[in-house]
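Notes for the one structure printed next.
We just call them A, B, C and D in the order they show up, numbering each chain from 1.
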Amino acid sequence: MIIVLKSTASEEQIQHIVESIESWGMTPNLSRGTERTIIGVIGDERTIRTKPLEVFPGVDSVMSVLKPYKLASAEFQADRTRITLPPVKAGEEATVIGGKDIVVVAGPCSVESKDSLHEVARVVKEGGAKLLRAGAFKPRTSPYSFQGLGVEGLRYLAEVREAVGIPIITEVMDTRDVEMVAEVADVLQIGARNTQNFNLLKVVGRSKKPVLIKRGISGTIEELLMSAEYVMSEGNANVILCERGIRTFEKATRNTLDISAVPVIKRESHLPVMVDPSHGCGQWDLVSPLAKAAVAVGADGVMVEVHPCPEEALSDGGQALLPKTFEKMMSELKRVAESVDRSI
Amino acid sequence: MIIVLKSTASEEQIQHIVESIESWGMTPNLSRGTERTIIGVIGDERTIRTKPLEVFPGVDSVMSVLKPYKLASAEFQADRTRITLPPVKAGEEATVIGGKDIVVVAGPCSVESKDSLHEVARVVKEGGAKLLRAGAFKPRTSPYSFQGLGVEGLRYLAEVREAVGIPIITEVMDTRDVEMVAEVADVLQIGARNTQNFNLLKVVGRSKKPVLIKRGISGTIEELLMSAEYVMSEGNANVILCERGIRTFEKATRNTLDISAVPVIKRESHLPVMVDPSHGCGQWDLVSPLAKAAVAVGADGVMVEVHPCPEEALSDGGQALLPKTFEKMMSELKRVAESVDRSI
Amino acid sequence: MIIVLKSTASEEQIQHIVESIESWGMTPNLSRGTERTIIGVIGDERTIRTKPLEVFPGVDSVMSVLKPYKLASAEFQADRTRITLPPVKAGEEATVIGGKDIVVVAGPCSVESKDSLHEVARVVKEGGAKLLRAGAFKPRTSPYSFQGLGVEGLRYLAEVREAVGIPIITEVMDTRDVEMVAEVADVLQIGARNTQNFNLLKVVGRSKKPVLIKRGISGTIEELLMSAEYVMSEGNANVILCERGIRTFEKATRNTLDISAVPVIKRESHLPVMVDPSHGCGQWDLVSPLAKAAVAVGADGVMVEVHPCPEEALSDGGQALLPKTFEKMMSELKRVAESVDRSI
Amino acid sequence: MIIVLKSTASEEQIQHIVESIESWGMTPNLSRGTERTIIGVIGDERTIRTKPLEVFPGVDSVMSVLKPYKLASAEFQADRTRITLPPVKAGEEATVIGGKDIVVVAGPCSVESKDSLHEVARVVKEGGAKLLRAGAFKPRTSPYSFQGLGVEGLRYLAEVREAVGIPIITEVMDTRDVEMVAEVADVLQIGARNTQNFNLLKVVGRSKKPVLIKRGISGTIEELLMSAEYVMSEGNANVILCERGIRTFEKATRNTLDISAVPVIKRESHLPVMVDPSHGCGQWDLVSPLAKAAVAVGADGVMVEVHPCPEEALSDGGQALLPKTFEKMMSELKRVAESVDRSI
């Protein structure tokens, strides 16, 4: 932590800051420059971060030297995290997230009926997807929109998972539902509106299931890593991060997919990173080019929406791929993956 | 709802859209322009809003004519909502939010101890504040930061409320806690990170207590009104909206206080609007000018943080006012309020 | 300047950085912390700022201690700048920008005809405005929109200035036009799209006329002060800054008026600050409440658009006030100004 | 154009709007819905766009049906634009921008000396770049930063162009310099701070040289296309668009590269699109992954900064690639290009 003093800071003010730092068990290092005096604080920055240094008289600004996350940091763990999902059916292969294989996650936005879910699950598995996505609980901006099938949707997910033999990722929105969802899901999803629902993060942190955290709609990469830190600090190290577009002034797309987040997270953290181009743009015809960009930039997985009949989708039909478009995309993604020495 | 067709839309595609609209019980109104054909849809827009019209072949774009909120809308209710909080102590005056009086809400960011809470409560009441704010449950970006005193903090709030005779507003973060918090609080606060925690909105919507909803960190005004709609559609019409700054590229302040939100909400909705300049800027020396701007622009209330010793605050010390600064601000706010025919 | 090293930085890398700093004539100050080593650089920060320190091997990040502006800084000049415009007609009062009086600038978006300009000029002067605003050169997003009357517009401005006896502020968009515009205008305006047109800033910096610089559409406050620095470093110290709304995700208003910019600039700089609520929101019915907020927050001036018949305006009719609305606003602003010990 | 009326609009107000539309030579089409009346305007939307319909009494909102650009639109021209740069040396191949080949543009941020420019030119040409980029005129945020070599820099560019046999792209910042720059450059570059310098756009529109327009720092895709429209409406159809990152709240990268802009522009326009990952992120280690994403997403070109010794760069050293990193990137880009059926 570095404290920059005002040019008008008095000796008395400096002394007060120095003594406060010492009283917190840390060592101040005073450096008088040409125009400003600065105080470096030597000691555990995570302690001093909680002190409101900026209100001390004479202080101009306070700058952090270290990142606020630890368990999620690439400095804390040199090896990249790989998360292994056991196969649903004995004899099939496990799914590894964070390895050489790029994992494609696909499925409808919402669970709408058992039959349509079964159909999509079959289609996406055949197309090469390794996980089925579909929401039983749906966060919707309007109370008048379809809110998801809830418990009934979970039951369909469990049945289709067994029938088709594909692991499931589904969203959990409420601390009260975590246990119930964890019984069905292979991966728990924390949606973009819950990235900073800290109580929910703590509860999934106590679950044994891997957790995929979507970046908040206006969340910084640092905040996303802090949300991972919440889950990890409760004992669950199996965290996947997911870029899904951020809110900007641009309205040609629903969100602005921040593709740079992938290499930034890979530099700062050891956790695997996925990209969700469907939510990133909100338009089905952009999904395939953006998925290719995600693979080329180094993502460990891609998450897309597929619906057998988007015209009848109960949510987000505009961004869903038809099964045949999904298949075409998969064959294109395989080629791009090979060009960057990965596989799908 | 207005559907703009592509210039290349075929007659067959147009027919398919027209028939779909009719199958949903609405009336399509075809208008062939010089360059484009458009279809106006006559009927309940809230039904057709859920249909993924943008994926129908031949559709270029879809435009809404009506706002997506209803109960919160100024068209639905002409009279402005006034929310009355009964006095804590018999014989004192009730507090009305949304009337001629501008309601000042003040207090520390967090409940830190019973004594300090008692001291601040006394100070802010004497200074003219009508509600005490303080968090028992705190949403913090880092799992290593002070997380609030929780249930113990609620107990202190209840005790200080009685002792000082000031109504309480405090945040509820978890569906599991709503009942417990509602036993103590006069107003339930939904924080900026929970503005779109829809399950939480539904649960507080079933409470009898008034609810203050803070605007999301990157929430639009329309989304804030939709969050109010969630609460109101569950039967709780006592909703207060609160502008608290939005996330932008500007880093000179922690957030960018969107002062225009006040007159926009007053035009679009009948609900009372408050402004929280402390979170809006994150710097104590900007709080007082911004509070004056909030009063001048027409806010029904102002919410500020006050701490007897910001240097020792466990959270957000940098934006807290000292008691004497608070008193000075109050005397200034009174003058500005009078200049716009309001009172404090 | 403070250089934070990577935890993996080698002694050799540290030595290379230290020697480079010394070779630039500055003194490095090494501080080895628990987790990181940092190097403080003592000497003229404005020199080292130009060095790409972040590419030196072993460097994690580089943090500035000083602001990048100097002439515009409140540290450089303690007294607030006051800019005096001599009266157009002998015997009338001079206009002072940056004093106790809040200066209202009003007029149409564009010069449309001599008669209508004359009419508005008379109305706004009678209403209490001290400067007439109107554009002869107009930056328009579309090449098919009205581009301004150009030289003919300047002539009308000169004639109306004399006839009505009101100083003129008008925009200059092109380095080639500065001399010509400066012959007519009392204040040169740099528009939001030219805030970082550095050649234009240099040329107006060599003019003798005061310059009002609008904040860029997505410009930071620091960038606005750097644009002032460009003008001042060419010898023209008469700079006025103008907040006019920034681009954010919110679409209820055309821009988001960043009202906090006023107290921030007043803290960081000695230059006067105005607010343009018309461009800040783009809707005439929000102009009056926002103007009151601007006065309450401490602005030195307010700039609004007035048009005798907005339905016929050739540009920005939606945000223009009718003369009678302008008069009502002026009487309201006077009361708010008094409540904060200013006058209009 | 569609006009949505307020629910309170009177017959008289409706009549006034209808008559005004007719007086402008267009046909109003009234549609009375359940809750709102809407008026469709049939006729040339580009005319009515200039009318301030939103200020007419009774109007709630106005919605455009057509895009504001025409010449730049994919509807106006079905075939994609290809821009051919003749070879510098007789006998070499022409460079085509917008064809199957992806054009790599590389070079230093600024022209710093003739020797270093010559060295980089040779390196990038050997590595497979088809154009050399380097700025003689530099827009710098600070007046105290290196401002470019100006005319001397242009001379070096001309000499190196001949010596190495590589076409040149360089920025023009001032209307006064266009002619001079066009004598040297094969492509004129309009920088991100000048995307809406409309006078400059008009002047380059009268030049015979192709023009590359960078997206504004906070410019929408629509605004970028409108800037192209300015150039094209002056008679110069050889326009290249360049995504270079937009300003958002995220600070992990200097800008947020909006990779979705590529497929959006390819859908809306026939003009070629390039991506500049160096400015998009501002960090050299992200350039290569982002360049791969740009190729995978469908860009027609990639523009990167290369410097023989970034530690000594006079501007933007932090984002420049070393020659050997550039060579490695090129071999990777070739593989990705092949995977999407393009070539480098």
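Methods note: a contact is a pair of C-beta atoms (placed from the backbone, for glycine too) under 8 Å apart; a residue touches a chain by one contact, two chains touch by 3 or more.
If you're wondering where the values come from, they're calculated on a predicted model, not measured in any experiment.
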### Summary
The larger set of C-beta contacts, choosing between A-D and A-C, lies at A-D
### Summary
Greatest Cα-centre separation from chain B belongs to chain D
### Task
Determine the centre-to-centre distance between chain A and chain B, using the mean Cα coordinates as centres, and give it in whole Å.
27
### Summary
Averaging C-alpha coordinates per chain, one finds the centres of chain A and chain C separated by a number of Å equal to 39
### Averaged-CA centre spacing for the pair chain D and chain A, given as whole angstrom
31
### Summary
chain D touches at least 2 other chains through residues 218, 247-249, 251
### Query
Where on chain C does chain B make contact in their complex?
218, 220-222, 246, 248-253, 256-264, 267, 280-281, 285-286, 289-290, 292-298, 332, 335-336, 338-340
### Summary
Interface with chain B, chain A side, in the complex: residues 20, 46, 49-52, 54-56, 68, 139-147, 173-176, 193-194, 196-199, 202, 217-218, 223, 226, 229-230, 233, 247, 283-284, 310-311, 313-314, 316-318, 320
### Query
chain C touches which residues of chain A in the complex?
2, 4, 7, 29, 31, 33-36, 38, 40, 42-45, 63, 65-66, 75, 218, 247-249, 251
